[in-house]
Amino acid sequence: MGAPDSKLVLPLAALFIAFFVAPLFVLLMLSLHDEVAMTSWTLGNYISFFTDRFSYSILIDTLLLGAKATLVCFIFGFPVAWLAARASARWQSILLFLVILPILTSVVVRTFSWIVILGRYGVLNQIMLALGLSREPLRLLYTEVGVVMVLAQVQMPLMVLPILSVLAKMDPNLPDASRALGAGEWRTLWKITLPLSIPGIVAGCILTYAASVTAFVTQSLIGGARLIYMPLDIYQQAVGANNWPYAAALSIIFMVSVMAVVAVLNAIGRKSETHGLG
Amino acid sequence: MRTTIARRHLLRSAGALGLALAGPRLALAEAKTLVAATFPGTWSEADRNVILPAFKQKTGAVATQSIILGGDQVSRLAAAKGNQPPFDVAFFDSPQVIDAVRDGLIVEYPVAKSPNFKELLPSAQDKWGPKITMQVIGIGYNPNKITTPPMSWDDLLDPKYKGRVGLTALNSQLGIAFLVEVNRLKGGTDDNFDPAFKFLAQLLPNVGAIAANLGAYATLWQQEQVDIAPYNFNFVQTLKAKDVPVELSIPSSGAVGWSTSLHLVTNAAEPELAVQYIDLHLDASIQDQLMKPPYDAIPTNAHVKLEGAITKSLVKSQDDLAKIRTIDWEKINPQRSALIDRFNREIKT
Amino acid sequence: MASVSRTQWDAISIKVVFGLLCAVALIFLVAPTLIVLITSFTASESLRFPPAGLSLRWYAALIDADQMQRAAWNSLVVAFWTTIISVVLGTAAALAIARSRAPLMRAADLLFMSPLLLPALAFGFAALIFINKLGFSPSIPLLILGHVIVCVPFVLRTTLASLSQLDPGLLEASEILGASRIMTFRRVTLPLISSGVGAGAFLAFMASFDNVPVSLFLADERTEVLPIHLWQQIETNLDVRTAAASGVIVIATLILMALAEKFAGLTRQMR
């Protein structure tokens, strides 16, 4: 039953090799040359990146941005998943609908609406001033805080769905047993629920992280000119400065960095899995 | 049985939908399309509202706008060199013309095919492409917050404007011209920009926001996030028409400006349409329309009499236009990427 | 006595804390969409919220927005073909992956999912370089291929989830009763995974329609797509028509989602 079916994977595999692996390979090649015609090999692009504090500070800022957005997303997303897992089928559907809604509205639309919300006289400041929570309008637009906020909102579905999927499949006997043995809800959460939902949490974090670091539209519309992250740098070098080899090097460095973080998160996840059940 | 019928029906309607979706694409291919570049802000709106309908009426063809800064246009054309260019009409400020001619990105303008060309002022009749307007920069300010118009670029440094000053990234002409003018006023030369960057460093504590692009810049003004900043005459007029509180003040050190022109791109897909499109911009009645609010574009057609906001704030007559100080772009152009790079490093938080 | 009230306190406090965090999250999830929808009905030229007056003028302005309509049409065409190709290739691949434990298959699974993990911007740029090297220019078919790469992971994920819930006993029964492999697929497998495939198709369609990073490089001025057009408008002008276009997209999305929920049980596939 197995062998003939395996051939079904070939069409997609062929497409990926031709249109995914090959371009990435060409990208790597281009990054190791001086110009697009690829006449002379050089490590110059990489050297100039790593010897320039400005350049690799952009990389560090981007990787940290992803971490911050993922953290905020987790703090707010886990409760949503936790409550949804306990909700009745109807409420669950409603909650999920609300959670998926942002990811299905155009990213440009969503980011644009945040400009209206975070501006000096935007909605958020109007509320803050009206409630007396602040005496002066807050500066949120064009700050990293603003970018983190918008990223967390935009990527929240990516965090909630994997966690919910794991929580929903979790054996309900375990928390019940915990409660029967006298442990409070918080203890149950800490000792039972969280460890068992690590696979979902890790999956959610990986997806959220990967999406946040590459969120070009959000970073540039909310961040402005002073907050430069890798996607904008790549775009500016590629389209603005026409420096394709350097942009290619930036892309490779960016991809490798994100893959490294994802691999680390994955490893943490797998280690906690075996540890938690032991 | 029911499911089979339903499935066949579904397959048929999917097929029909597929054909329907493919069909109009074939139909669209029949109507001729011209892709023309235009600047963000005032000119993209002017082109869309005035030129595009006139173009459609005159030629029956449809024009598509590519809204892109002059510098980026040069990059895109250079990247596509040898292949079909991404647009047929280039919209350049003076600095880009030099680079484009040198790199063979544009061709000489076919004057014979453009009836309105000879109606332009002699200074606007350039063999590489007609000049369609001039742009002038000054100090933009919010008249509700600042009651006396600022008369000097040094006013930006005034501590009472802390956190209220705006800047725009150097990828736009507005950004570069501001830097060059400030450099000149502070004693720098075209070879030495240190005075300009010294001024920038002094200015940064006052800066509230730096916009990555002109749309974001306009948003800053509309959200009243900045009160005083370098700005361009046309952009200010367009924003005023949208009820944004902004005015332009020409500092006592004088107005600085440059000309803007249209060009036929090498290997254009529709060269005939491109020339007709450019020619429309030179027409006296069109330029007259563009001179009126909300565009207030300075005309270059000799038959158009200056009036309106231009005469009130800038110049009284066509002759005065020649007196607006210009910049030596031949010297500045080669330094452009270095300047942008240095600027980005200075402003990064 | 004391431990009972402590567990009661625990139960209440966790619900309060989580409930609060959840409420804030939901407000933040929904508010921006609502705000842009309301702002699109403004009568004034600016994007202030609350809007100065209500009017349909910006929706009316969309009727003349020729270029925006052309961009929207391009996006629809691209999304349509992307979805079709993704569903066909993705479902086939899912069938292969679900039925095999071979390491090569695991590797293939990882490969197909990797576009979700790698920066799509880098892939878009790589694709452009690749196309140029081969001597091509950006075009709609190439744009579609680029979109398939980044959208097929969605189809793969939901279809695999559906397949994992498929009882292999049903397939065995079908074979024992003499049905051919193709018949088993058409009559047994396909109907049972149809909602998974449907949900994946829906996600792939929306992902393609909304895609920016790949379109940024593979869609040029002659093949303009809607998200890039809207982004350009926001970057260059203070134009309320963008809010109206956003309003249309939001309403269309809501309708599509409601339909997907009704016919494919969208939210059920998300679990």
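Chains here go by letter, A, B and C, matching the order in which they are written, and residues are numbered from 1 within each.
Criterion: contacts are C-beta pairs under 8 Å (C-beta built on N, C-alpha and C of every residue); 3 or more make two chains touch, one makes a residue touch a chain.
Please read these numbers as outputs of a predicted model, since none were measured by experiment.
Farthest chain from chain A (centres taken as the mean of C-alpha atoms): B. No other pair of chains shares as many C-beta contacts as A-C.
Centre-to-centre, using mean CA coordinates, chain A is 16 Å away from chain C.
Averaged Cα coordinates give chain B a centre that lies 35 Å from the centre of chain C. Counting partner chains per residue, chain A has residues 115, 121-122, 221, 244 touching two or more of them. Annotation for chain C: residues touching 2 or more other chains are 47, 234-235. Looking at chain B, residues 212, 216, 219 sit in touch with two or more other chains. On chain C, the positions that touch chain B within their shared complex are 44-47, 66-67, 70, 73, 76-77, 80-81, 84, 137, 140, 191, 220-222, 224, 232-238. For chain A in complex with chain C, the residues that touch the partner chain are 1-2, 4-9, 11-13, 15-16, 19-24, 26-27, 30, 36, 75-77, 79-80, 82-83, 92-93, 95-110, 112-117, 121-123, 149, 152-153, 156, 161, 164-165, 168, 179, 182-187, 189, 206-207, 210, 213-214, 216-217, 221, 230-231, 234-235, 238, 244, 247-248, 251-252, 254-255, 258-259, 262. On the chain B side of its complex with chain A, the touching residues are 71-72, 75-76, 78-79, 168-169, 171, 208-212, 216, 219, 223-225, 337, 344-345, 347-349. Within the complex formed with chain B, the chain A residues making contact are 54, 57, 115, 119-122, 139, 141-142, 220-221, 223-228, 232, 239-242, 244. Residue ranges on chain B touching chain C, taken from their complex, read 3, 17-18, 21-22, 24-25, 28, 33, 35, 40-41, 44-45, 48, 52, 62, 64-67, 80, 83-84, 86-87, 212-216, 218-219, 222, 239, 241-244.
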